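Paired with chain B in one complex and with chain C in the other, chain A is shared by the two complexes that follow.
This part shows the complex of A and B:
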């Protein structure tokens, strides 16, 4: 099989069809708002967002693999880099930074400097403890589970994901 | 003359989720297609184990007297394979393209349940176009 060169997140993002960023941000906001109304408990909302993300992730991973032509990652370090630089770039248009590696190399943080989901968001005091972007956490969890290189737990505060192997 | 005889998609547990045949040669009934799919799934897994080279991801091409079988497995374990005329070229590219169509028109359909048989009209339409195009390109060569 002829080796196809991996494409950069940038290239895929610019060639893909996109929706208006504000429509996207506001739609996401409306979903979170509705969940808070329906579920009332902030913890339940976090859980639900994570579950929704998971359901997206298990489907999205195939598109990621098909369009990016990346091959199997050799280690967790590479996996984290690919998620941050290719995955996020391809679907959100921004890339994340991988930091906070622990000594064993099993835990790291993905930090989104510029997160389109939170553009107009100010969390009120009543929503303390809400992980507003928990959906991203679920997406990464679902996607990685499908290629099952590692089992992980993620914790996320508005722009910050922590991955454990 | 059809270059491609049939196309199969099998999920990661070996169940046939999509089957389509093109032209008269090698047509099979439903039971046979299911049997072939699960047989191929197991053979593919065994080939991985038997390979003398490390890092083998399984059979990509099976050449027989009357047909070629090209297989592509995604990293998530879904397998796509086409049975075609011996010596048909560029099947890897077609399979890759079918994988992209699958991600677009099957996985993004919210009413499609994962690992279940594919019944998506948009996928059918786009797949037919892709195969047609491939056939035209083949005649041109």
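This part shows the complex of A and C:
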């Protein structure tokens, strides 16, 4: 079987069905608000958001593989690039930048400059410990786990994801 | 915390120019998120009515914000004050922004003066959802009903809004009808305004 050429995030995104980002943003906001009301503790909310993201990630990887035709990434550098340029782009319509590599090449940050999740959002003082975009972490974690890459992740801020191998 | 990166930093969200609303995300991204919303809420309830109520509450908070956003951006800080005006605002403007199309139909209920129905052949949120048999008449459109109630309530038209499946002849999937029942005071006010 001839190898199929990998498709760019842009090409996949523009050929996919899309919805208004505001509906997405406001729905996410509704979820976070509901979690804060139900769970009360921001740490619990962070955990739940991460869990939701994880659930999404393990399912989303199928669509990612089916549509992108990417072959197995040879190293962590390539993996990070693919997540940033193809993964984020095909689902959220925006790409991330991979930066902050450490000397061993086992840690890096993905920075989303234009994050649709945070439009209209301002956290009150009472929610300062909240990692508003923690769901993205979970998504990346879930998706990577399905293709068996070792990692550990932390969020620094809402648009900043750190991946460690 | 928000806005780290090279983007211009604004000290608060109100200083930031309002987006034009043209940005999009993939339908799957929304579907995944919505499915998590439903699944999470399922773990928090013991019956269908409660689940619908929680989805409706989530939708309500979206609706209240949508009204504010659209009045500000599309209507020059004005909002509809008459019953038919606000209904057609929901049916066309709100629907178009949120779901990319005008709703399939807006009708007045035949049996009751205070009832209106917005119908949609394939509601966006129900697109990838099939309801297990044991969940009876549950409709995830409750979320959209909540959005409608949020818009109406915030505009000063309190109403009870519910989502129902209505079978259509010759179609495999039923359509979803959003039933709006206005509060008495709204109709009294309308009658007074003439």
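Convention: the second predicted complex is superposed on the first by the 164 of 165 C-alpha atoms of A that agree within 3 Å, B and C clash if a C-alpha of one lies under 4 Å from a C-alpha of the other, contacts with A are read in each partner's own complex, and residues count from 1 in each chain.
In this section, contacts are C-beta pairs under 8 Å (C-beta built on N, C-alpha and C of every residue); 3 or more make two chains touch, one makes a residue touch a chain.
These figures come from a predicted structure and were not determined experimentally.
A.B. asks: After the overlay on chain A, what do you see for chain B versus chain C, clash or fit?
C.D. replies: Here the two partners, once superposed via chain A, fit next to each other without clashing.
A.B. asks: Between chain B (first) and chain C (second), which does A:42 come into contact with in this model arrangement: first, second, both, or neither?
C.D. replies: In the superposed model, A:42 contacts neither chain B nor chain C.
A.B. asks: What is the contact status of A:63 with respect to chain B (first) and chain C (second): first, second, both, or neither?
C.D. replies: Touch partners of A:63: chain B and chain C.
A.B. asks: Here's one for you: vertex at chain A, rays to chain B and chain C, all C-alpha centres; what's the angle to the nearest 10 degrees?
C.D. replies: With chain A as the vertex, chain B and chain C sit 90 degrees apart.
A.B. asks: Does chain B (first) or chain C (second) touch A:30, or do both, or does neither?
C.D. replies: So A:30 only meets chain C here.
A.B. asks: Counting only touches as set out at the top, which of chain B and chain C does A:11 meet: first, second, both, neither?
C.D. replies: Neither: A:11 stays clear of chain B and chain C.
A.B. asks: Taking the superposition as given, does A:146 touch the first partner, chain B, the second, chain C, both, or neither?
C.D. replies: Touch partner of A:146: chain B, not chain C.
A.B. asks: Quick one: smallest Cα-Cα gap between chain B and chain C in the superposed arrangement, Å?
C.D. replies: Superposed model gives a least chain B-chain C C-alpha distance of 6 Å.
A.B. asks: Residue overlap on chain A between the chain B contact set and the chain C contact set?
C.D. replies: 59-60, 63
A.B. asks: Help me check something: in the complex, which residues belonging to chain C touch chain A?
C.D. replies: Residue positions touching the partner: 1-7, 12-13, 19, 21, 23-30, 32-34, 36-37, 39-41, 44, 54, 57-59, 61-62, 65-66, 69, 97-100, 124.
A.B. asks: Under the touch definition given earlier, write down the residues of chain A that touch chain C in their complex.
C.D. replies: Per the stated touch rule, the residues are 13, 16-24, 26-31, 33-35, 38, 48, 52, 55-56, 59-60, 63, 90-93, 97, 111-114, 116, 118-123, 128, 132, 135, 156-160.
A.B. asks: Using the touch definition from the top, list the residues of chain B that touch chain A in their complex.
C.D. replies: 60, 72, 74-76, 78, 92, 96, 99-100, 102-104, 107-108, 114
A.B. asks: Which of the residues in chain A end up touching chain B in this complex?
C.D. replies: The touching residues are 1-2, 4, 58-63, 65-67, 72, 146-147.
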